[in-house]
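Pasting the structures here.
There are two complexes below, and they share chain A, which is joined by chain B in the first and by chain C in the second.
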Partner chain A sequence: MILDIIITGLIHGSTYALLAIGFSLIFGVARIVNIAHTAFYMVAAFCIFFVTHNLGLHPVVGMLLGVPVVTVLGMVTYRIFIAPIREHEGAVLIGTIALAIALQEVMLLIFTGDYRSVPALVPGYLSIFGVKVQYQQLITFLAALIILGLLRLLLLKTRLGLAIRSTAQDREVANLMGMNESRVALYTVGISIALAGFTGAVIVPLTIVEPFMWLHPLIMMMAVVVLGGLGSIKGSFFAAYILGFAEAVVVFLIPMGAFLKGSVALSIMILVLLMRPEGLFGIAFEEER
Partner chain B sequence: MKNLKLLLVFFLAFFLITSLCFPAWAKTIKIGVIGPMQFVQGKGHWNGAVMAAEEINAKGGVKVGDKRMKIELVKADSNEFLNVTDATNAMELLMSRDRVDFVVGGFRSEAVLAMQDIAMDYKKIFIGCGAAHPEDYDTYKYFFRGTPFNSRFLVRTAFIQMATVAGIMKATLGLEKIRIAVVAEKAMWADPLIPAAQGFIPKLGHEVSGVWRPSPVATDVTAELSAIQRADTQIILTFFSSSVGIPFARQAGELKIPAAQVGINVEAQKEGFWQATQGQGNYVMTLNTYNKNVEVNELTRPFLDTYQKRFGEQPTYTADTYSAIKHSIVPAIEMTGTLDPDRLVKVLEVREYEVPSGKVAYIKDDEGRPLHDLKWGPGYLTSLGVQWQDGEQVGVWPNKWKAAEGAPEVTYKGIVSYKIAPWIVEAYKK
Partner chain C sequence: MDLIRFYIRKLVAIFKGEVIVLPSRIVVAVFFLVLLGLPLITQHPYVLRILILTSIFAIFAASWDLLSGFTGQMNFGHALFFGVGAYGAAMLNTNFNVPPWGSIPLGALAAVLAGLIIGIPCLRLRGTYLALTTLSFPIILMGIVFAVPEITGGELGISGLDRLVRSRVGQYYIAVVVMVVLVTIMWKITDSNIGIIFHAIREDEVAVRASGINTTLYKLLAFCLSGFFAGIAGGLYAHFMRIAGPSTLEVSMSFQVVIWSIFGGVVTIWGPVGAVFVLFPLLEFFRFWPEFRMLLFALVILLILLYMPQGLFPWLRDKIEHECPRCKIRNVVTRKTCRICAASMH
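Then we have the complex of A and B:
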């Protein structure tokens, strides 16, 4: 059973990590709480569904088309709806909620509320110490590690990464040093939404495609980000696995309470916050940034 | 000026006389169709009602006393999967704004119970076509079950089907004792099914390997499936009415979990199940109301064919709004010659009539008072057991079923044999 819990926790944690990293990035740099993050994940899933089901093409083609489409859509909506109100955090929060609901309703109109699915990139499963793991789940796990590695490279080894980190530390000083802060924010939004789209592309064969599929991951993603520390990518990564393991433990140890797995994960988040309000890897005071 | 006054008086008198003497000229029988219209269940509600209204109106409408009245449908999106409050608002609008005479539809028990209260306040007959919660006659006099029969009978049918599959597995695979996992979504309708299953399974000589309660909207149940396999399970008894039925079937298929799925999986009742599971839902069995190959009586085939021709798909059980309007409400109105709900209730309670899924009658309580719950059993409504076999949903139950010792065998026309998934055969064949 311990092996089951470890493997299941790693797989679930990877899904949450993929989503939370992008969300954390955009909050860390632009201070935007993008509630629409998982809505873009949902749009990417529908793009892949459309390409595979309606056009009859391979899911990889769907990914190659879906991720750029969602990225462009995200950047355009950011420029039109979010950028003008960026300084007002409350307005941004409400604006992104409205954007998410708008995307949901558009998908509902186009595709209706019927449950749909797309084929796995690699069908079948692998047995690890007697625990059956789908190849698609392994892809998700590997994707989470690769994405984290690439993101780290981007942030630490490139000029854009330097600009993003500088802006994240102090927007005003970064601006004074000649960095175009609003452009950096736009690029960060693009990267973040591309990550959401990529997550949608990787996870979509494991889930159901429907217009409300963004809601459950949103709650878990927010929990991961808050637990890890708002804006901390490293924190999001670790918190994702903590909550993934918590869910697995509930399912295996309390089968009658399997539906409580989300609630237990959220309770862990609250407990940690009571002891450490800034989250596991968050910064205690704004002045420290 | 005098002529103008006369003309005015004439018109006023004309309108007064026409409105008093011929009120039905402009009036129709308004039937509210309420359901989650953005989802398959709501579409079924609407399609069934549309088909019934079209057929009745094409024949001149409903005979109410010496008048004929057309049926007018009013569509109400309950959005009940997402928000029960939306459902009550939609019902309130049907009553106060649209002033409907009857209501059919509803799906989630939690939403239907709230909708029932509103219908009772307005004394409107509401025929439920989706929820399976137990009936409460004292509180809900104007509520009738249209489909399915209540959760007590649903679970009885599911148990019979489970026992049938267990018998086939024992005979085919030589298993001495079958271990059965009970997997029920966390929802009100499924709550009483758990203790019932835990009590009934040992009586059949089998064992309960565990009980799992995933969220109705869970999208990843691989952890539950791993635990079920670890518990050495040969049959999974499912109780799913929500989306969780899709990932459960798909992931169990992908992971080749060596346990046969049987019970209730509403998603597996739909034609879209094969696509939704990418074909991994093969060999899943579920209780169902209709199957395109199975004929329960002489009304089944015309209903299925007309529905297919009109909407391009096979009906799910929520399309029984068709029967609720055509075979229940309309004949009762024509028999009484009135729209008065109290008089109609008395007729509806005692009528017995054929519908495409069997014969409808309402049961009585211990004191002989008529309940508004459907009668279950051979000769009445039994439902079907359907299984996905290589991309096609086929009827597999009742197949030589005897309801009691010495009772006649029941097999509907078009029923075929149940198949055990090859990976299950491979896992257990000695």
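Then we have the complex of A and C:
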């Protein structure tokens, strides 16, 4: 039981961390509240389903194809629909909602609403203290950690990372320093959507694939972002595991837990916010410039 | 007799001097008249049903604008008020046999209470934090609804509510008249001193606080007012559909109201109302291609936003009316000089 909780918590935590970090990247750099973020995660899951089920290829091929496809899709839709209206906050907001609905409907048209699943990368399981741990669960967790590490390297060690961080801190000054702000924003959207796509890719063998699978992660992702502090990657990381474990504990220990898992996790978020309105690792509010 | 004649003359004068002069006001007047006279033309139950739902959602969208548009407190969980209003009315009606004219306002008061409960913690948050936090409240409530099916009916909801009135036309008139009255009240609120303070909070909260105004109190007031109107919409919805189910609390409901309001143009009240009257029947019209329905809807929104990011109705209004450069009064595009101060319009 305890091990079950730990495994579920770690896996959900990793997914939420990957999603939330991608979400806060876009928010930090481009000030876009991207509701469609998890919709891209759903599209990636369907890409992999398509490659494995319809083309009959190995899931790894699906991942190698799916993540770039989703990234390109994200950047193209950003250029067409979101970039021209970026100055209008409200318009961007419902633009991304509409985009998410559109993606959901396209998937519904192509794949119908049936529940699908994708075979694991490595079938079989490992026995730890008599509890089955599927290899897939280990792979998912490790892959998530590796990607998070790579992302950290990208942000801290490369010139692009520097540009992203400085644009997030102050758009105008970054622009004055000769960074092409709109191009940085486009790259950030690319990275962020790639993260969403990658999350979809690693989680897909463990979940059910269906066109509405983006709604629950969307809510949890937003809760993670708020709990950790907007724009704080470290905060998102810890908050993701806190909420992931909270969900797992509720599901395993409380009867009717599956209905309440969202409620409990979100209540934790609200309780923390009552004590620290800026989130766990956020910096105190300064006036919006 | 003279008094009546005086008032009639005054009314005619207002009509001539204030309504006829601006195309947007003529459109609004004609719109209300058509809405009130529609059952004379058609009594098709389907058409009336669509318009009843449209009117109910128009109240809902306008109440979002009152809170999020005017004070700038982005509320992503507006379905909470709608759901509390619907469930409140449903429980009162089925458990205690309160008739609709009592259960709907009482349900709305429950929604006001909900506004207070979420408003007090949320007002410490700002901007995006607030938006993302409010999103979670309807979901928390939905979890509770599912967890105690004995009281709330769980997934099926509470059904078997009393009808508003027996006939469809009667229901239509109740919905439309309530909509017109409530929207007018909301519009008047935003036109009053309170509304000006709301608007000022949106523009610059620090400046408002520096002027000695307790902004927290006003934001709380906005939450309560908005909750009240949204709660009435929820109660009407529950009594019209005769069921209050968890669908009233869904995320899509919260998103829907945001889409309507921003699409129609925020900080106007009339924008969201107009947007519901365009988008909701449009969504029904798309039932001709059921599988493409939501996709077409999303594409329409995306494409229209590309050209009118301010919202549909402010854009339209700017096409037919110009602001006088000297006295800031609106004039028809065709006028060469301002109708008030006679300054040249160009």
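Note that the second predicted complex is superposed on the first by the 271 of 289 C-alpha atoms of A that agree within 3 Å, B and C clash if a C-alpha of one lies under 4 Å from a C-alpha of the other, contacts with A are read in each partner's own complex, and residues count from 1 in each chain.
Here is the rule we use: a residue touches a chain if its C-beta (ideal position, glycine included) is under 8 Å from a C-beta of that chain, and two chains touch if they have at least 3 such contacts.
All values reported here derive from a predicted model rather than from experimental measurement.
Once the two complexes are overlaid on the shared chain, A:2 sits clear of chain B and of chain C alike. Looking at the shared chain after the overlay, A:273 reaches chain C, while chain B stays out of its contact range.
Once chain A of one complex is fitted onto chain A of the other, the partner contacts of A:137 are limited to chain B, with no touch recorded for chain C. By the touch criterion defined above, A:222 reaches chain C but does not reach chain B. Contact with chain B, but none with chain C, is seen for A:113 once the two complexes are overlaid on the shared chain. Look at A:210: by the touch rule set out above, it reaches chain B but stays clear of chain C. In the superposition on chain A, contact is made by A:256 with both chain B and chain C.
In the superposition on chain A, the residues of chain A contacted by chain B and by chain C overlap at 108, 256, 259, 261-262.
Chain A makes touch with chain B in their complex at residues 1, 4, 8, 11-12, 15, 53, 108, 112-120, 123-125, 131-134, 137, 205-208, 210, 212-213, 216, 247-248, 251-252, 255-259, 261-262. By the touch criterion stated above, chain C contacts chain A in their complex at residues 121, 124-129, 131-133, 135-137, 139-144, 146-147, 206, 251, 255, 258-259, 262-263, 266, 291-292, 294-295, 297-299, 301-302, 305-306, 309-311. Chain B contributes residues 36, 38-40, 81-82, 185-186, 210-220, 222-227, 229-230, 243, 246-247, 250-251, 254-257, 267, 272, 275-278 to its touches with chain A in the complex. Within the complex formed with chain C, the residues of chain A that make contact are 27, 33, 35, 81, 84-85, 87-88, 90-91, 93-95, 97-99, 101-102, 104-106, 108-109, 215, 218-219, 222-223, 225-226, 230, 256, 259-264, 266-267, 269-270, 273-274, 277-279, 285, 287-288.
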